[in-house]
Structure formats: C-alpha cells, structure tokens
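Okay, so here's the structure we're looking at.
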Amino acid sequence: MSKTFNEIVLEHLDEAAKKVNLDPDCYVRMKQPERELKVSIPVRMDDGHVDVFTGYRVQHSTSRGPCKGGIRYHPDVTLDEVKALAMLMTWKCAVVNIPYGGAKGAVRCNPMEMSESELVRLTRRYTVMIMPIIGRQKDIPAPDVGTDEDTMGWMMDTVSMFQGQTVLDMVTGKPVSLGGSLGRREATGRGVMICTLEILKKFGKDISATTVAVQGFGNVGSVAADLLAEKGCKVVAVGDVTGGYYNPKGLDIKGMIEHATKHPFKLLEGYECNGTSRISNEELLTLDVDVLAPCALERQIVKRNAADVRAKFIVAGANGPVSRMAREYFRTKGL
Amino acid sequence: MSKTFNEIVLEHLDEAAKKVNLDPDCYVRMKQPERELKVSIPVRMDDGHVDVFTGYRVQHSTSRGPCKGGIRYHPDVTLDEVKALAMLMTWKCAVVNIPYGGAKGAVRCNPMEMSESELVRLTRRYTVMIMPIIGRQKDIPAPDVGTDEDTMGWMMDTVSMFQGQTVLDMVTGKPVSLGGSLGRREATGRGVMICTLEILKKFGKDISATTVAVQGFGNVGSVAADLLAEKGCKVVAVGDVTGGYYNPKGLDIKGMIEHATKHPFKLLEGYECNGTSRISNEELLTLDVDVLAPCALERQIVKRNAADVRAKFIVAGANGPVSRMAREYFRTKGL
Amino acid sequence: MSKTFNEIVLEHLDEAAKKVNLDPDCYVRMKQPERELKVSIPVRMDDGHVDVFTGYRVQHSTSRGPCKGGIRYHPDVTLDEVKALAMLMTWKCAVVNIPYGGAKGAVRCNPMEMSESELVRLTRRYTVMIMPIIGRQKDIPAPDVGTDEDTMGWMMDTVSMFQGQTVLDMVTGKPVSLGGSLGRREATGRGVMICTLEILKKFGKDISATTVAVQGFGNVGSVAADLLAEKGCKVVAVGDVTGGYYNPKGLDIKGMIEHATKHPFKLLEGYECNGTSRISNEELLTLDVDVLAPCALERQIVKRNAADVRAKFIVAGANGPVSRMAREYFRTKGL
Amino acid sequence: MSKTFNEIVLEHLDEAAKKVNLDPDCYVRMKQPERELKVSIPVRMDDGHVDVFTGYRVQHSTSRGPCKGGIRYHPDVTLDEVKALAMLMTWKCAVVNIPYGGAKGAVRCNPMEMSESELVRLTRRYTVMIMPIIGRQKDIPAPDVGTDEDTMGWMMDTVSMFQGQTVLDMVTGKPVSLGGSLGRREATGRGVMICTLEILKKFGKDISATTVAVQGFGNVGSVAADLLAEKGCKVVAVGDVTGGYYNPKGLDIKGMIEHATKHPFKLLEGYECNGTSRISNEELLTLDVDVLAPCALERQIVKRNAADVRAKFIVAGANGPVSRMAREYFRTKGL
Amino acid sequence: MSKTFNEIVLEHLDEAAKKVNLDPDCYVRMKQPERELKVSIPVRMDDGHVDVFTGYRVQHSTSRGPCKGGIRYHPDVTLDEVKALAMLMTWKCAVVNIPYGGAKGAVRCNPMEMSESELVRLTRRYTVMIMPIIGRQKDIPAPDVGTDEDTMGWMMDTVSMFQGQTVLDMVTGKPVSLGGSLGRREATGRGVMICTLEILKKFGKDISATTVAVQGFGNVGSVAADLLAEKGCKVVAVGDVTGGYYNPKGLDIKGMIEHATKHPFKLLEGYECNGTSRISNEELLTLDVDVLAPCALERQIVKRNAADVRAKFIVAGANGPVSRMAREYFRTKGL
Amino acid sequence: MSKTFNEIVLEHLDEAAKKVNLDPDCYVRMKQPERELKVSIPVRMDDGHVDVFTGYRVQHSTSRGPCKGGIRYHPDVTLDEVKALAMLMTWKCAVVNIPYGGAKGAVRCNPMEMSESELVRLTRRYTVMIMPIIGRQKDIPAPDVGTDEDTMGWMMDTVSMFQGQTVLDMVTGKPVSLGGSLGRREATGRGVMICTLEILKKFGKDISATTVAVQGFGNVGSVAADLLAEKGCKVVAVGDVTGGYYNPKGLDIKGMIEHATKHPFKLLEGYECNGTSRISNEELLTLDVDVLAPCALERQIVKRNAADVRAKFIVAGANGPVSRMAREYFRTKGL
C-alpha cells in the first residue's frame, strides 16, 4: 500500500533530523502537531434539510510564533493530508525566517456543487467552531484550494460580528476592499515568474526563446502564465481540471483568463482558439518545454511519471508537487 | 472483526431514533460529536528525557447546556472509545434532565507506571492544551478511570494560576479541601446500593438473605460493596485487576478496603483472609448470586458470556458494562 | 392635543417628588432615562428583500442595580412609550425593593404578520445590536407584549453563540427547558387572582357571589380568568383584540383557553358557546360586575370612560391601564 | 416649514442612489444610522447643584470598518443634525477610500459658559456613558465644533483610567504631547489652502492678485487664512461669531491670530487695526472677492443668499456650508 | 527596643510551626506575604491643594482560596502592622475552615479630620490603584478601623463604574441597600456576646450577677455591650478614645448608643448620666469585673498591665488585644 | 550616615523643581512612585528545597504613557535603589521625549550562583507575581544588571503561555529570534561611542590621538570599547569586576571580547596579553586619559575620588555613575 502524504512528510523530517543531528527531545515534539481539532458543521442546505460537514484545524507548532496556514475546501480532504500540510507550513515559515509556526485547516465538502449561500453558512459555522483557537496572536488562516478571498471575508465578518468590532488581523488573503494586501492574490504566481527568470538568468537562457508549460490555471497558475508571457516567455501549455490547452506558438493567456473569468468556477472549460489544441494533463507534464511549472496540487510528478518529464527546469508553484521519490530519481540522474 | 465501542453506541442511537421517530435533521447532528480535540503533551520525565503523550477532549453536544464528562488516563484509551463515552454522557445528562451536554477526555498513558511529579506535569500541560474549550459555561471535566480528586486539584490549580485567581467551578470531583462536594466520592457507589435496595423492595426480597457479587473495587465498587454490606446484604465476591475474592459467608469489606488503602494503587493484591478464596474475574461474573454489580469498565457482560450469568439482578455501576447483544439475549430469554 | 404616555408618567413623578420633597439633584436625574439606544435592524424577509426595522432599548436607572424590563414587539410602539415603561419599571423594582433598576425595549414590527423564521432573524439581529449594553450585571430583558419565552430563548441562544458558552443569566422568561423558572409564565395572572381574593376578603365579599370581567386574554388575562374561576368567582366576561365574550352565568374559561391555544396567534377569534354572546371591548369595561381586571395594554380606563365604569373594584394586571385623570375622577367621587 | 439638515442629506442620498442605480436592499440600510445612542449626563456644577445634559453618539455605518466622527458641544445641537453629520462622515470616508464608516457625537451644552472643571466633568461622564460602543475597532471620536484637543485628552484619560492602562488609539485629535499627530490641528485649514492654490493654478490665476474672504476664524479658518496669506494671496476679509473684519489691502492675519489667542474663547472680539473696518458676516459672504472660503458651520450659502454671492470660487472648509438648493442655483446659472 | 507587631506575629508562627512540625518548604512560604502593594494616592483636598496619601494592600496567602481582609484608615498605620494583620487573617480563615486566605489594606490618613468628599475621593483613588489585584476570585476587602459600610459602598461603586456594570461581590460589609448582608454590622459584637454567655454557662455563672467592662464603643464594642445588657449582664463600664464611663449599677447602654449616634464621629464625648462617673481607659482594663471584653485595637493587655487585670474572663472582640507575653503571664499564673 | 541612592535622586528632583518653579501639586506627586509592588517568589532549588526570594516592581509615573524600565537580579538590591532607578527612568524618557513613564524591577538573588534552571523557575514565578501590573499599555520590562535577553525570553514565554498566544510586546530586549530588535544589544554602547565622537568633534580633538578608559566590560562597556577602537580611538584601559586591564599602546578589544565570551559569566578573568598589565578599578578611574567612560554601576565617581580624576571628558554609559557632589566639585573647579 502506498504511503500517506503525512508519512512521506515525516520521512522528510527524519532525513533532515538525521542530517542536522536534531536533539531527540526536540525531534519527538516536531513529529506530531500540537493540536488537531475536528469539528462537526451542521449546515441548512438550500433545499431545507441539514447536512453535517466535517472540518479540521491542525496546528503543528507555535514555538516560533502564532500559526499560519490555509483552509482547504475539498471533497477528498483527509486529516492525514491536513496534518502533513500543517507541518510543511512550519518548515516554510522557518525557512524564510518569519516568526510564525505552521497550521492548516480544511472542510470536507465540494464547493463546486454548493450554492454561495450554502458556502457562506458553512464558512460561518466552521469559523465559529474553530474560533477558540484562532486569532491574531494564535493562528491566522488564509485561502487554499477551494477557498478564496470571499471565504476569508466571510470568516473575518463572522469574527467581527462576534466581537462587535472590526477584526482585520485574524485572517490574510481577504478582499482588498476589506483591508486585504495589494498584490497578495498574485503573490505566488509572481513568485513563480521571478524564480523562473532568475533560473534563466543563472543558466544564461534567452527569455524570448524559452517555452513554458503551466499546470493549474487558478490563482497561482493563471498569474504565473500571464506574468511569464508578459516578460516574453512563450507559454505553450496550460491546464486545469478540464484538461490541457496547447499551442506551440504560444497561448493567448490574457484571452484565456478572460474566458475563465466568465466561467462559474473560473475554469477553462469550453475555451477554443485557432492553433490551440487539447491535450491531457498527463501529457502537459511531459511536454518537451524548457520550464514546467506545476501550480495545482501536491504530488503531481511522482516516481511513476518522473522519467517521462522532459522539461529542463521544474518551478514548483504548488505545495509539494514533486514527490521525494521523483526528486530522488532526478538526483540520481544528475538532473 | 468486532465492532468498536463507538459503533455499538451508534447502534443504540439508531435504535432509539427509530423508536422516537427522530427528526433526521436532529439525528444527523447527534451522530457525531461537535468537537474532537487531539493534543500533543510533551512531558519531561524524571530521567530527564521528553515524552510526548496524546490527549483528547471530545464534546458531543452543547444543545442542552455546557458539556460535562470525565477524564481518563489509560494506556489503551482510543479516540473511538472517548467519542462513545462522550455521547453516552449526553444521554445520561438528558435522562436525568440536568442542563448539560456530554463530553469526555483522555490521555494515553499508564498512570501506574508514572511518578506523581510526572503525572502533575502531564496533567498541567494537558489542561493548558485543552483550556480554550473548557470552563464553567463551556465544558466541565471530572475524574474517571486513572484519575482522581488529586488530578482535578492539579487541573483547577493550573487554570487558577493562569487566570491569576481562584477558579473553583471549572472542574467537579476536586478535593473537599479545595471546594469539592461532600459525598461526591461515594456518590456512584451509593447509587448502586440505593438501586439495589429499591429492586429488592420491589421484588419483595429479604435484604439479609441477598447475596451480592461486585466487579471492581475502586471508587465505585468498594463503596457499593461497603454500603450494601452495611445495609445487611451478604457481599460474597468482589474483584479488581488482581482477580476475584470469594467467601460464601460474606466478605469482610471494611478489612478489604483497609488493605487496599495501603496498596500503592489501592488494589486488593495480596489480600488474604480465612474463608476467602481466590477466583477469576470471569468466574465472578457467573457466580450464583442474587445481585451482580459490575462496577469496573464497559462491556464486561457480552454476547459471549451472557448465557453464563446466573445472577437474578444486574445493577450496573460502570459505564455500559452490559453490551447490547447481551441485553438482547436477556430480553429474548424473558429475563 | 392629548398628552403622551411619558408626559403622564412624568406628571406622576412630579406629584410623588413633591410629596416626598425629593432632593432636586436627585429629581433632575430621575426625569430622563440614563441611556436610550435606537438601532436599525436589517432583516432578510422570506421573499428575499431586506426590511429595516427600528428597535429600542431604554435604560432608565442603574442606581439600585442592573436594569430589568421587557421587550415589546408592536407595530405602533414609540420611543415615548418605551421611555415611560422603562421609568415605571424603576418604580416597580423599587416598590417591591429588589436591587434592580428599570429598562424597556421594543421593536416596531407586527409579529402577527411575520413568519417564525423572520422573527428569529429579527430577534437575533436586534439582540446583537443591543448586546453592548445588556448582560447579567447590566440589564436583563424579559418578554412583554408581542414576545414570549421563545423570543427569550432566541436572545439567549444568540448571546450564548457569540460568547461560545452557555449564558443563562442574561434574560428572564426563557423556556423552562432552557433554564427558565417554573411558574414564571403564570406569575402575573396569579398575582391578579391573589390581589382579587385579598380585596374580597378585606371587604367581606363572598367569592362565589363575585362577578368578574377580564380585559385581555393573553399570558396575563387568560391565567387570571382561569385561576379566578378555579377559586370560585364567576368570570362573566373576557375579551381580546377580537372583541369581548359575555355570559352572565359565567364563561367556560378552560374551554376558551383550549380554543385560543389552537389559534395561530392564540386569539379567541371564532369562539362560540351556548349562552355566550359577543360584546365590544368598550362594553366589557363598563359591565356591571364586582371586579374589573384590565389585563391588556396601558391607558384603557381614562377620563373619557371613567364615569361609565360600574365595577366595584379594579384590579390592574397590565402596566398602567388606569390613567391619572381617571384615578383622579374616582378619588373625587370617593371611590 | 424648512427641511431639517437630515432631510436635506437624505435628499442627497436619494439623488446619488438614483444615479448609481443603488440596490434597494443596500439603499434601505443606508437611509438610517445603525445605532443612535442618547445619554443623560449628570454634572455637578461649580455652584454645587446638578445639571443633567443630553449627549448623543450616532453610528451611521460599520460596513467598511470602524466608525469615525467628531464630537460637538453646542447649545442648539439636535439629534437630527448629529444623524445628518454621521451619514456625511460615512460618505467622506468612502470618497477618500479609507476603511472607516461614519459617526458623530454631541452634547447639548454651551462650552463658552462653562468652567474648565465643569467641562472636564461633563466630558468624563459623557465618555463613560458612550464607552460600551466606542474603541479602536468600533468607533473613534475626534474634535468638532466646541471641542478641541483638550477634550480629546480628557476622553483618552477617562478610557485609560477605566482600563488601567494607556489607551492611545481610542481617539484622534488629542494633544501632541499625549500621542496626537503632528500637523493634525492645521490639516483642514491646510487643505483649504492647497485646494485654493490648485484651483488658481488650473484657471491660470496669479496668486498674488487673488483676493480671499474667509468665514470662520477657528481651527480651520484661521489656519486657512494664515497659510493663504503666507502663500501670497490677499486675504481681505475674515469673520467669526463676533462679526467680520475687512481690509481691501489685505488683513494682518498673524496679528489677528495673536489677538484671538489671548481672548478667552479665541475670538476676534475687540480687534482693531488701521485700515480694517467691521462688516457683518452676511456682508462677508457676498464680498466681491476671487475666493470665498466658508470655514464655519454648515448651510451658510443657501437659496436665500446664493444669488448675492460674488466670489468666483467657493472653497468649502466647513461640513456642507453650501446647501443643495444653492448648488442647484449655481449649476443652473452655469457657475 | 520593643518588638513590632509583625515580629510578634512571626513568633506565634514559629511557635506553632514547631508544635506541628511544619514542613520547612511550607514554613518558609508562610513567613512573608505573597504580595505587598504600596500605592501613592493623590487627592485634591477641599481647599484646592493636592495631598498624596500612602496606601497598602498586603496579600499573605492565596493557597486556600481568594484573600479576605479589612481596610484600615488610620494616621499611624504602618506596613509592618498591615503585614501582621494580613497573616492573622490567613490563620483566622483557616481556623474556621473557610476557603479564603488572608489580606489587609490600609491608608495612612486621619478620617476624623477629613470631609466626606475628601474621603470619597481618597477611597475611589485608592480603589483604582489596587484594582488589578482585587476581585471576587482574588481578594475581597471589608471594613476595618476607620472605614465603614459607606467606604465599602464607595469602593463597590468605583469598581462598578469602571466595569460598566453592577459588581456586588468585590467587597463585603457594604450597605444593606447595596446588597450587603443583614446582621453583618452586628456580627462581631454578637460573637462577643455569644462567647461570653457560653463561658458563663460552662462555669455555671449566673448571667444576671455578671459584671462586664467593654473597651471600645464602635461597631464591635457598642453592639457587644448592648446585646450583653439585653441578655441580662450588668455592663458596668465602657470606653472609647474619649475615655471610660463607669456605673457600678450598670450603664444605660441604649442611651449611650443614642448619644454616640449623634456625635460626628459616633463617640461618647460629652455623655453624662446620673450615677455614671468618668474613668481612664487604663482603669477600665483593671476593673474588678467578671468579664473584660477588649473590643478596640490590638495589644491592649500586655506584659506591663497584665498583672493588674482583675477580670475573671477576657473575651477578645478586637484583633489580638492580648499580647503573647500577657498570655504567657496568665498561663504561668494558672489563669 | 551617608545618603541612600533614593535620597540623592530626590535632591536632584528638589533642585530641578526649584529651577523650573514646579507646581507644588505636581511636585508632591513626583516625589514618590505611583506603585511599589513587593512579591515573594518561592523557587524549588536544584537540591529539592524551596527558597523564597524577594522581588520588586516599582512604577514611578504613568502620566506620560506606560512605564518602561529594566529588571535587575543582584544579591544586594534594595527597594530604595529600585525606587531611585524608577524615578530616573521617568526623567530619561521625558528628556528624550518618548511617551513612557519610568519603572524598575528587581529580584534579590545572586544569578552567578544559580543554575540556569533555577533562574528559569525564578523568572517565571516572578513574572507571574507581577503580571497584573505589566503589559504593552501598562509597563514594559527590559534587561538590566544580572538579566539579559534570555531572561526577557523567559518572561515573554511565561506571559505567552498564560495568555495562550504569542505576546511579543510585553518586554523589550528579548532575543532577536523571538522578535527582539536588531541593534538593541549594542545600543547603549554605541551611544557612548557617538557621544564621545561628537565631543571630540566639538573640541577639535583628533580621534586617533585620543586615549580612552572604559569602566565595565558588559553589554555597555565592551561594545563602547569595541566601537571606539574601531573608530580609531586608543582604548588603553577597560575593567570589570575582576579588575582593570591596561595597555598604554591600546588594548586588543576584539581579543578581550573573545576571551570574555568563553567565560561562564562573560568576565575578563584570566585575560593575559603582551603589553597588558593589571590595574585596580580605582586606578582605572584616575588614569590620565582623554576620555573616561564609566559603563558599570551607579555612583563610581563621587566626592571622595572626584579630585583624582584626570580624564578630560567623562562620558557616562551607566545610570548615574557621577554623584551630585562630584558634579558640584567639577563645576566649582570650572571643569
């Protein structure tokens, strides 16, 4: 049976602990999260009946400061996955040396099949249930897969109503009009663009001669594709859950963004354009491009398909899209 | 594979829901606890190294008022069991119509192998970790298997120190000298005695001719045995984890209590007395007595041994000592 | 132009102040309430549009302790009326010497034309808006005209949710199942009955020969009528907003209560019975009975109709049903 | 009968709502303030007796963040006026896009006839009465007509004493020595100067050839006059409640400020200077100047006197000094 | 040099610790108070200038629960004395087994030379300064020498105003009209009477033949004298700071109380009555009476005058009126 | 008998008050601290027994904002000294015009003879005891003699644990990794260097020809010496509690720092170097150097040794190292 995501993340911890000769008293505390909270979220659905959803908030470590981490709405989300992502957040914060620890939250639901008012009620109730352990100096949520700045706005409004005052600092990633940060939405995608350009510079590549494939066309992927195209790269492929879109001469990213904006879930579904053909997401990952930017979910490039990847550079925009085995493989191959 | 405790408890819920034609919107909310909190509890052990224990606090329902429920220290405790016990607490409170909901807590540890100072550190840290969700109007812990009034005193002291004031109402079952209730320690055992006498009265039995076997010799069993003997019953058998003790002429309960008091874990280990022989706990349950009072753990009389029980009356002092299958069996037999 | 209710109440204050030679520094503080809070209450109605209702909470005095006073839902409620009622509450509390001051709240709405879910949303939002100034040690609401124990339950639940804990003591008159007091619902009506019997005793009247007319058939009037009938009085007339019901041989009060219970707004509308005829509410007040118990709204017996009242005794179950001019008239007449 | 200030402001809202086709659910919420709090303020006067003053705090909207708005001490202040000003604050904050909503407070009193110690006691008690609804994240007062930085210092000190700690962020416009902002006192007057210069630039006017009349010589008017004179404008007229002062060759503003500073209420009363003659405030508004800067109270240029205004530009330093009718008139005239 | 009060109290502790073989870790913690807070209390006096008074609040022990102890206003009060009295309070609470620890407060001032308004301002400011460490679950003040129920009312009002709600439970000994306990004022004096009667009963003495001298005529002494006289004792002498009053046939206690009530400081000054002569306080202590009840201050019967005491029984109504040396002397003499 | 430190500081206050003609109402409030808190700190020592230490926190003034001041661990610390230092902090904050008042804390203990775990327990308990009066808006501790950034980290962690959240702003001088300020540790020493260079510039001295003696080699002295050497001065003498070190050609400051870093208490003990001889601390103060920088404790240059000081400039890095008499002496001498 294959390992769970958390088991894999723990292997990384073991590997690192061994390398830095980590104090056992410290190691044993880092192996598991400080708090795992699981909550029942009764929601009256639009048809009048009550559904009870399951929500999580896992806080891995508060040793370096308050926790920080996104909230995921996904039908297949598991506690195992949330624990793994919370631990990764601790490491991310530590690596960039900001005074925060790692957390992650999730609700097991399918936001694509729920109405906005159902999502509002779900989010408000979930917020109430985890309220005792979040806050500016405790744990600060943020958007993740399946949630966005509206979700954060609903969370902020719930906390503000409950406290009878405006509470801006209990969540990041909220709408700019409610005090969110300018540039926040594009930050991850912009990071992908900046890293890509830095790599090209380091290896003396010509930007305008560089071909790019981007997996994912949400907040991260669409911005990364857009900014890379603006900088002169030839973005030849992008994809989302509706499949991949390929144009060897470069895609019309701005047009694709405009198309997705009109789609109820901001998908590329139905996008057509001269010169642009459809490919599968699997094909996208193995295109013969200079740069492959996986900007969707974790564990896309794994042992199984690592050998097929033909891109010269992989720039990761998602959380852990390249598995440890795949990295091992690339390392062995001297890549 | 046998059912878990929680699965069995859920079967009871299903059965009851069907009988009262429970509103589905209500049923779906009662099926799972409102909150499950799992915490990591790092404790510096007396030898200097750090152990990380796992603790739980499960709140099943706050619909009728704050939660109420014990805290169990046991090496085999599972989340499944804690969830089942929390739900049972909701029902117990509702049945006696007090305005509380059900909760349960636990720490996976072996209190018999830990020093007092380790237990103090464990309890203080566990209290700190669950502090955001407990309190007078939220959830009020109490002692359970493996914890006692000292544990409650440590919890109360931890909360009092953190608040900088004396907080009496966050825990029940604390020492009388710290504001605990008189008679609290003996309450469950006294209840067993009262129920037994009421049953005997109803069925016109002579108290002095009644033989009793008590499983368990802790807070519940020893008090029940003692009070029943005081009232004139012939307590012919008692038992604890060290096995059963049998005297067809009636045991010297006061002497046995005195013996247990001196034992480090208040066990009967090593007790000897003329006329008293040793039996197994399994034998104790099937003795030919008038009253069998299981006062130890849950699920002692189950499908497997129900047919062997010879007692005329079973008076339950533990939480759920008779399984649903066993009850079904007795019902079928017209017992 | 006729005087407002508050102007009349202030005249009472002036009169009393003169009699007790009240210190002017004290008098000037008692003339107006300490705080008047007016709030906008946006409510999404069942048809989807938003209505904005106006709510009030007036606190007349906190000199003797926290405030206490009901919450009225009525389409014609005015700030003037709420201020008058708040001041009356101060005096009521002082007269019976309980350590509370007076307050009153209201929402301008017609609860008879709103669905329960609209009323729930209205009540929850109103509670949130006045939350900063209410609470166990500040000001404790209660039911009044147009609100009942359900309203109080919704208020209590709103505060409990906002605090994340069970808050019992922020409201009186809540359902018994949520911690309300036994006998609370019948208390005012029972008081009318007790006062009536005391008066009859004082004046040596025979209970069974006493005829009674009761104005109002809500929480106060129906209980008063029922208990007076139980004690042996002949209740010959009762009335509510649907008019009066008269039977010189005595009404079947229990039957009328049963009838009202089935009515959507608990009214007598459509009640019929052999020997019972319909009269107007105006006629009811001037019946030739021994006891007239006005148990509806304030200012029913006023200058205009005082001379027509034929009852020997008036026992007031409402707040201020007899105007100052009417009392003056009775006094002049030596009544 | 003429319209009230609030009625006029509501007409503006209607006009704007029509233009932007405002959602009715939104419009109905913006028409009235969220909260109106009216409080009684008993103050022991210097002669020993108690006066009870009436205070207000109206919060129009918290949709965009905490409320913000001044506190006015004036003998003629009305709730109508405070409501209008609170709504204007919501619009002002929204127009300059800062995350605040609008509020306004007032006490009906004549600060010019009260001693400082009476004002201190009045302010402290008023602060206590509105304390439950103000604060950094709720509603932040500021000075207005009749109040100044000292008033804000007393408010801040009251809140700080009550919390037992220094609370800087509950009020703006406090003394610089207590944490107030540098330049805050002069900000409005400086804005008048900047706007004037921008207008002159846009229309190609020569600054040194520009004549200016300033109505009001308080915090706004005196600073505006002073800075405009510094920049080279010829300030030919200023005025305060003691009337207008006119010098066609330009007034000695610095000298007038010096004079006013020595006056108990900082008025120009008694100011005399060669070449400077006295005019009425009404005359001041209709002087033949290039720029007229009304920096006193609202509604100075109205339908009645609009036709007489001869200034080429009106730069408003007060809140709403030009009425809607007057603006209508100017628009019609093509001005 | 003579020992300080605290040194003497510490000797008692040493003596007791030796007798019960007190654990040194415990002893060392009981030797000094947990917290000593000294505060400066600036008060604007009636003549306009500011005096700065010194206040104390000493908390000796919170081991058994919140602290409890009076507040003394006296011109000669010292920190040493306050520490001693705080420790005595710990012992008093422990001896009667109530779950409180000991505290004591004081302000160095002469309440007899201050106006009521000065005392109000002093008390309010003192309350504010010690507010962080007092409260229902922390430390609960009470009246003592120089303070009374009015002082407690001012303290309660200060805390209530600061919290914006009625706070009854932060002080005992407040006026009955503000929630104080019935019988509280007379409690200590009644205790003196009860103890006296119990002693007389034990030694078979005839009440009506018993002569009594009471030192002190404040809350304790006047009540003790009054109740003892009511029970039939012959109270032959009482005294206050104005000296002693002696009548071998029994004093008219009710008349003396009436006299004192009219005195500005409730003293006996100027009391005259046939048969009643004046004696010194020193003489009072050595009268040949059956019972001597010292109900004034600590350390009245000391080594110096112990041999002169002729009373058969001493019933102490003050805190520590008999010194350790005096008790030693009586013990040696076999008394 | 010589004056206490506080008496001397009060003399400075008197002198200053006279010069600025200070309002007596203000003066009388500045003469004594607002609050003096003395606490008992029981600590279980490593050998198992309990020691009770005495701690202080004195808050001199909150008139200009929250208090600010260090915490000193020293075996000889007295309340008198802590009061004096608290008052000096008020003046320091006022002189540099930051909105803070002065405070000081201390624990009477010898940190050099305690293990780290004992110090941790001492600091945690001391923090708990003073917690009610410290905090971001009340009083913010900092390191002083005998405490360092670790001590502040322990204090911050204690407060954070008690509040259940990360509390950064309750202490300054914490480790950079826990949110401390960059450059904080070196700030005082750097100030000494900057002042020295400014003086040299003003008097036209050549930096490279300037000789310097630094008393103290802790956080202040070692940094001052190091930076002055870096800037080109010839640092010929430094000293700490182990005595003075002298090299007329200039010391190797970096080498000395390296040596001290390895010493358990960061002392120079055992430092040896060619050309460097040992002198006494007394000799150090009287060396013939250009600049003498006393960077150790208060009152080093006093009446007794002032005449012997040969340095041309004294730059004070400690709190009050030059006594008032010494300054008087220098002034008289025209220095």
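First chain written, first letter: the chains are A, B, C, D, E and F, and each begins at residue 1.
Here is the rule we go by: a contact is a pair of C-beta atoms (placed from the backbone, for glycine too) under 8 Å apart; a residue touches a chain by one contact, two chains touch by 3 or more.
Everything quoted here is computed from the prediction, not taken from an experiment.
Using the contact threshold fixed earlier, the set of chains in contact with both chain A and chain C is B, D. Among the remaining chains, those touching chain A as well as chain D are C, F.
Relative to chain C, the most remote chain by averaged C-alpha coordinates is F.
Greatest Cα centroid separation from chain E: this falls to A.
Repeating the D-F interface, with the same residue numbers in over half of the contact pairs, is the pair A-D out of C-D, A-C or A-D. On superposing C-alpha atoms, the copy chain B sits rotated by 180° relative to chain D, to the nearest 5.
Annotation: 59 Å between the Cα-based centres of chain D and chain E.
Chain B and chain E have Cα centroids separated by 50 Å.
Computed centre separation for the pair chain A/chain E is 71 angstrom, with centres defined by C-alpha atoms. For chain A, the set of residues that touch two or more other chains comprises 132, 164.
Chain-to-chain contact here is organised irregularly, matching neither a line nor a ring nor a star, and falling short of all pairs touching.
Pairwise chain contacts present here: A-B, A-C, A-D, A-F, B-C, B-E, B-F, C-D, C-E, D-E, D-F, E-F [touch as defined]. Remark: chain C residues 24-25, 28-29, 31-40, 42, 49-52, 54, 129, 132-133 touch chain D in the complex.
By the touch criterion stated above, chain A contacts chain D in their complex at residues 163-168, 177-179.
Residues 128, 131-132, 161-162, 164 of chain E are the ones that touch chain D when the two sit in their complex. For chain D in complex with chain A, the residues that touch the partner chain are 62, 64-66, 99, 135-138.
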